[in-house]
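In the part that follows, the structures are each spelled out as structure tokens.
The two complexes that follow have chain A in common; it is paired with chain B in the first and with chain C in the second.
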Partner chain A sequence: MESFIPPLLMNFMVNNNVALINPEILILAVLITNLLLACSPLKKDQEFSWWLSLTGTGLALVSLGILFVNVYFPTLMDNQITIQQHGVMNVLQVDLFSWVIRTLLTLGTFFVLLLTRRYVEEKASDIPGEFYVVLMGALLGGMLMASAVDLVMLFVALETLGISSYILVGYLRGDLKSAEAALKYLLYGGASTAVLLFGLSLLYGVSGGNTQYAAIADQLQRQLAPFGHAMMPVVPVMLTMIMAGFAFKLSAAPFHMWTPDVYEGAPTPVTAFLSVVSKIAGFGAAIRLLYLLLTLFGQWANVLSVLAVLSMTIGNVVALKQQNVKRLLAYSTIAHVGYMLTAMVVFSLNGISSLLYYLMTYLFMNLGAFAVVIYFANLTGREDIQAFAGLVRKRPGLALMFTIFLLSLAGIPITAGFFAKFFLFQSVVEGGTNYIWLIVLGLLNSTISLYYYLNIVRLMVIAEPSDAVAALPAEPNSIQSISSLGVVMTICLLATLGLGFFANPAYDLSVQAMTQMAFKNVFQHIQVSAVPFPGGGH
Partner chain B sequence: MTEAIIFWAFTAISVTAALGVVFNRSIIYSALLLILVFLSIAGIFVLNNADFLAIAQTIVYAVGMTIIVLFGIMFTGDRAMLDEPLTSVRKLVSLVLATFTFVLLIKTVQFPFSIQPASQSVIQTLMQSGSTKMLGELLFSQFVVPFELASVLLLVAMVGAIVLAKKTFADAGEMSSQQLSYSIDSGEPTKEANSALHAAASRGEVHLEEVTRS
Partner chain C sequence: MADVLSFFNQYYLSILILLPLLFALIIPFLPDQPASDSQDGPESKQAKGIHTFAVLASVLIHLFAMLSWTGSWFGVITPKEELYHWLPSFGISYALGTDGLSQIMVILTTFLLTMSVVASTVYIKTRLKLYYSMLFILTSSLLGVFLARDAFLFLLFYELELIPMYLLIAIWGGPRRDYASMKFVLYTLFGSVFLIAGILAIFFYLDGAKGVETSEIFLFKTLDTHLVGTIPLLAQLWIFSALFIGFSVKLPVVPFHTWLPDAHVEAPTPVSMLLAGILLKMGAYGLVRFCFGFFPEAAVSLAPAVAVLAVINIVYTAGVALVQTDLKKLIAYSSVSHMGFVILGLAALNTTGFNGAVFVMFSHGIVSAALFMCVGSLYHRTHTRMIADYGGFGSVSPTIFYFFMFMSMASLGLPLLISFAGESLVFYGSFTSNAFHTLIQLGKLGSWQWTMQAAAGFSALGIVIGAAYLLWMLQRVFFGPLSERWQGKMTDANRSEVLVLATLALFVIAYGFAPKFLTHQYEDVVDKMATQYQFPDGKYTLSSTKEGRE
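What follows is the complex of A and B.
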């Protein structure tokens, strides 16, 4: 390998830890190869682009595994947290936290690719190769977002994910709903990005012209000392803008208006991508940046509690009357974002670790649910909830899997969803009596969500078969029809149950990841005793 | 002193032109006034020693973007703006919100706690060689990863724009778009064109009214 690389370049790569972003480089290679392939005479070969992307994403997973064994596992075994340099080219911090997020993103995209296969062929058959180019672009942006520790890097990565998502949403070109969804997403997204960028530029100004997180923390800490921070009008404006920008990306209420329309109009695999991969990437970037900001401006976390409560309540209550299963899952996503935001309100180590664990389980249970929806839509062409009636008579396996995913989303014990909610609320309890009302509202909301999740289960099990289900052939007609979707469903099912049975190792991993991230990013530069600030100012 | 006069002149031009963009009834005039806004802001950049930014602003915004806006307007037709009454509730709410945000932002930047003055060496370099060289060096050292990623971003955006815009009549029917447009121009669609259009319309891809009107 070394013989191919000039020594000067090799030195540069070793000095800058370029090996840590091998997965990203792989994904970029897949992107470019796919693009060349789409221009070549081979472009009619739709299978090939798909196989190439799937293999590339799989190789990226392998590469992440190698990184874990070689780089992160040794630091995990160390009980002392050693400050290992995981910085790449000054703008990325590729630590264990970003490893977890990147693995989730790559895994999510791998599943989305499996979900995509027949969908793209059937619905957008004339230009399939480009779909994978854009999808890889979105993944690349998301992965870099998770490790960005520089405002410029964060913004460019965020936009790479964002713009790719707008394109993916509008990919069904003949479909008016898809076009409407793409336009809405683009307009809302553009406006929110502008707000976020304004906030970031204020942060750049406040921190004396620094773009790196570590330098910003350092500078803010030094500059804040002479001022009572409460009297600076720039801080609330800046924080509000940054939080509003992220709240849009995470589709937290009241910035959620775009979500149901976009989720309904987008091609279903893209909806799965948006609801899982985009959210995980958004949380990854938000945790890094807000960790820095909220350590300094602790009391502003209360703004997040408003977002959390609004998201939970609006998501769950509006989900009650949804008839389309994609819209239902959209509102359920908003509600889950609300639960996850409660952990950010407390912003303790345990809180953020449980958020990370929640993201892990959310990936599997939500993608599993989407896999079932796509499978069902492939069979019957229906997306309304009533169509699922009596499914257990014709496809007991499918109905059982859907039931488990829905129970996990609702947070019923022995599924991973239960443990995720349990850890999350437990960390909020530890945050103190101030947050008891958050728990109460969270539990109330979980109860509301039971209604609409179990409603689908009731329909599938008890109700008479709908005409769509009644028209189904008795048994799956061939292995071909279950291959790729079946793989996704099975893996998601195993993981949903497995993360429940083996909750502890997964939770420990997130605690480790958070400890390293927090330590390296902030506490290295800020004396822990100096934070948090007293709530009322001076 | 002269600097202050030039600054206020540019500011006055940009604000007046911006008001013109919003209040002008003709969308073409609005687009043209937008060029003036961008140019006067480029002038303010020059006053702040940001020469590269000024050139980029002129090339990208004042020229490139507004030309595209103008093309867009001309392709879609210069439709009359919706006549909304000046005192609708929506406008009042927008006015209050906009005023609030404006005052807030003014208060924010007025606060003394803001960006630090540049160091002597930076000012020296700026005076001697302009900001372009410094920006270039930064882009290829500290910000090389975002810079490379930006190229990926543009590539993906370009591919996506082509994919989304590659919608022609030929997709809808079996015939080429050339044939189709020819038949529409002549006023009497040929039999093939008609059948292709109806096939497209039945799939919801083309609105027949629009085609026949044109």
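What follows is the complex of A and C.
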């Protein structure tokens, strides 16, 4: 096998740990195959592209599993293997943290693929396979974002995800709403990218022309030393721009304006992708970069607390009035980003670990909710909340699952959402009494959120069936159409119920990931003082 | 045999919590109830089957719960504490345990569950399977609340109750059920905000403190031993207040009580029985366990405020009950008023007061459930709750009249009935209380040393008003001429209703004559709590428990 690879390339691969990005290479291969298939004169087959992408993503998951067993698990056992060995070509840091994020992303995309099957078939555009090419591109961008430790790499990855997302949103070419959403997304996204890029270029300048995080940290440390606590005037501008750029990507208020329109207009599986996969990737990149910046400019974490409070308040309050279930889930996403940002404010080991745990649960509960919405839309063609009325009488299982996902999003025990929220707030408390107001606001907000989640439950369980539900046949009409959605819903349901009870392994993994990532190794020469550490907070 | 017994000893508490949940899972798989069952039509065979199954299940749960009742007949099982470190990095354990206090609350829960299920066979006609499933899930969460020995687990069960209760009110409730059930949920969750904040604050202070293992932070054991020494007094005051607010939404304490009349009025009768009988006691239990059990220093400082709240609760809501035109609302307000006695007893900070508070929790559970049953039996026949629509029912429904009268007498504290014992203990406790003594010593209260006595005196006013609204209500409902509207239409209580009311009446009399049978179940818990409140000047001596008993 090895003899087929030229020795030079082999050397390069071994020296640069290329094996660590096997999943990415797999995804890239699927992307290119799909692209070639779409361009080739062969028979165009949407179904085949779907199977290919699904298999590719599944193999990527397997390859991630192999990586865990071979690379990360030994690392967990033996601390002697340093993280430097996880660097790929000096631009990627493929450590346990990035493994967790990449696994979540791949899993999320795997589910989204299962969700898209019938949707894309029905609304197939003239170029078969194109949807999957772009989706794989988006996943690839997200995976690279999670490991990028270089400004250029970060930007390229970010844009790969971004541009792919614009295309995905506008996939329904005949649909006016989809086109509007794509254009809005493109304009907002483009502007925010410009702002972020400006911020990154300032960072590049301030750090004396370095693009690698470690070198930047090193340089900044030296440059800032003479200034003491006083800052270079350019620093506030730079930080504001970078934070604003990420806030756009994460749809944190007040940079959330695009979210509802885009989520409503986009094809529903794409909405699910944006609301879960894209957010996880954003958090992955933000954690890495902001860790670097917040260790030096710790007081800027307070800006994040403003973003957090605004996001959860605006998200929850505006969600109260929504009539469209996709818009409602859009605002609920904004609110959840707000909760998650509270952990970024404290930026302690436990805080970020809880954030990772939150992302895990969020993946399952939100994708589960979207799966139900898509399933329902497939059945009835409706997306307004009123259409769900009386669902329990026709499809008790579906209604029960949706109830559990919604209650988990609201943070009601015994679902994973409750545990995730509790851990998140608990880790914020550890950061000190200064942040107690943040928690009280967060808790009050989850009280508000229960109203609109419960409203759907109320409609499904209590209200008389809507005309859409009343028109449903008594038994599921075709087994095939549900099977792929059913798989997603079942897995998400099990995870939503199980992740809470078995939170310990998931959380321990998060802690290990965070311990390995930044908190010990990448910035080892930086004296970490600005950031409160676990256990040292009081 | 011995093996079986030791197995049950080991896992008794978990089984007790899981048993109702098991029934809740079985019920959906019973044969379907035909959709044709309407509110008043004859019941189908399947519906009867579901009812019978639920009754049997609830009786079984009650009998199982009675196995650990420390009496000569029942004390077969001595349950062991269960401890499993669930999420050690967060200090969360799955810890269950029981003591006298938990035990009487568990018995009250399962007993009222049985009563409520029997009542349901009469009053609930639609969507039976969902109904009973929700009822049994609710029971599981209630049992969990009373048996949890870990603050997080407590919170988990405390919030778990929310959704089943919401659905019970929202599906089977009256015309304004949407509003009432949503109000109930939002108020409760608002209270939980303070509970979670308080519990997280406890974590903040105990994490890393000397002698505290991170994996055991939330255990009651840890809270009991380490809380006072570790947390600064000011923080204790804050946490006490947060927890107090959290529990007072559930109790409820004025001004957080407005959800309760709405919820009661809209809830179906069996659910009202549970709501008044046990759900309010979750708040009271939380106050006893957490606020007054773990925060003695804060409790001493804040007892005056609590006493004032208690007086407002008792007198104000009694006054509000006086002017109600809706029969169910009247009983709901009387419920709130009686819960004031619980916090008055707690504010006394002595054994007698605590004893009384717990006794009132139990007695009110039985009496209020019976009263709501009476109201329900009237509503079921007339489909109105307005007192003005009633009148003269004494002649056509003598059995309902008899039990309503009897339970009203119990509620207003007639001697030798159950409430009398609890309320007199509370009065005695608060009148002899030295709860303000430390403040007097500090010169902060000066001539206010009679405040506690004054509080007790004012509260007695609540009893007087209570007698007034109950007797006036009885007069308007049962005396006078029978209106044209009900001529020939009014019927008397049926067998199931008599069964429920008579069983409840039996306990009202039994514990009224011999309250000691109840108090000796929990007095060790209360005594232990009261030992925390010996005041430093030496003048204050623990009042002997003998005075408190008959």
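Note that in this section the second predicted complex is superposed on the first by the 509 of 538 C-alpha atoms of A that agree within 3 Å, B and C clash if a C-alpha of one lies under 4 Å from a C-alpha of the other, contacts with A are read in each partner's own complex, and residues count from 1 in each chain.
Operating definition for what follows: a residue touches a chain if its C-beta (ideal position, glycine included) is under 8 Å from a C-beta of that chain, and two chains touch if they have at least 3 such contacts.
None of the values given here were measured: they were computed from a predicted structure.
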Problem set entry | Partner chain(s) touched by A:L320 [first = chain B, second = chain C, both, neither] | neither
Exercise. When the two structures are overlaid on chain A, which partner does A:V429 contact: first (chain B), second (chain C), both, or neither?
Worked result: second
Exercise. With the two structures laid over each other on chain A, which partner does A:G205 touch: chain B (first), chain C (second), both, or neither?
Worked result: first
Exercise. Where does A:L450 make contact in the superposed view: on chain B (first), on chain C (second), on both, or on neither?
Worked result: second
For this session: Check the contacts made with chain A and report whether chain B or chain C touches more of its residues.
Result: B
Problem set entry | First (chain B), second (chain C), both or neither touched by A:V62 | neither
Problem set entry | Partner chain in contact with A:L144 - chain B first, chain C second, else both or neither | first
Exercise. Of the partners chain B and chain C, which touch A:L35 in the superposed model: first, second, both, neither?
Worked result: first
Seminar exercise, completed: Touching chain B in the complex, chain A uses residues 28, 31, 35, 88-92, 126-127, 130, 133-134, 137, 140-141, 144, 150, 152-153, 155-157, 159-160, 163-164, 166-167, 170-171, 173-174, 176, 182, 202, 204-206, 208-209, 223, 227, 232-234, 237-238
Exercise. Which bits of chain C are touching chain A when the two form their complex?
Worked result: 86-90, 152, 155-157, 159-160, 162-163, 166-167, 170-171, 178, 182, 185-186, 189-190, 192-193, 196-197, 200-201, 203-204, 207-208
For this session: Note which residues of chain B are touching chain A in the complex, please.
Result: 104-105, 107-109, 111, 113-116, 142-146, 149-150, 152-153, 155-157, 159-164, 166-167, 171, 203-205
For this session: Would you tell me which residues of chain A are touching chain C in their complex?
Result: 350, 407, 412-414, 418-419, 422-423, 425-426, 429-430, 433, 436, 439-440, 443-444, 446-447, 450-451, 454, 458, 461-462, 503-504, 507-508, 511, 535, 538
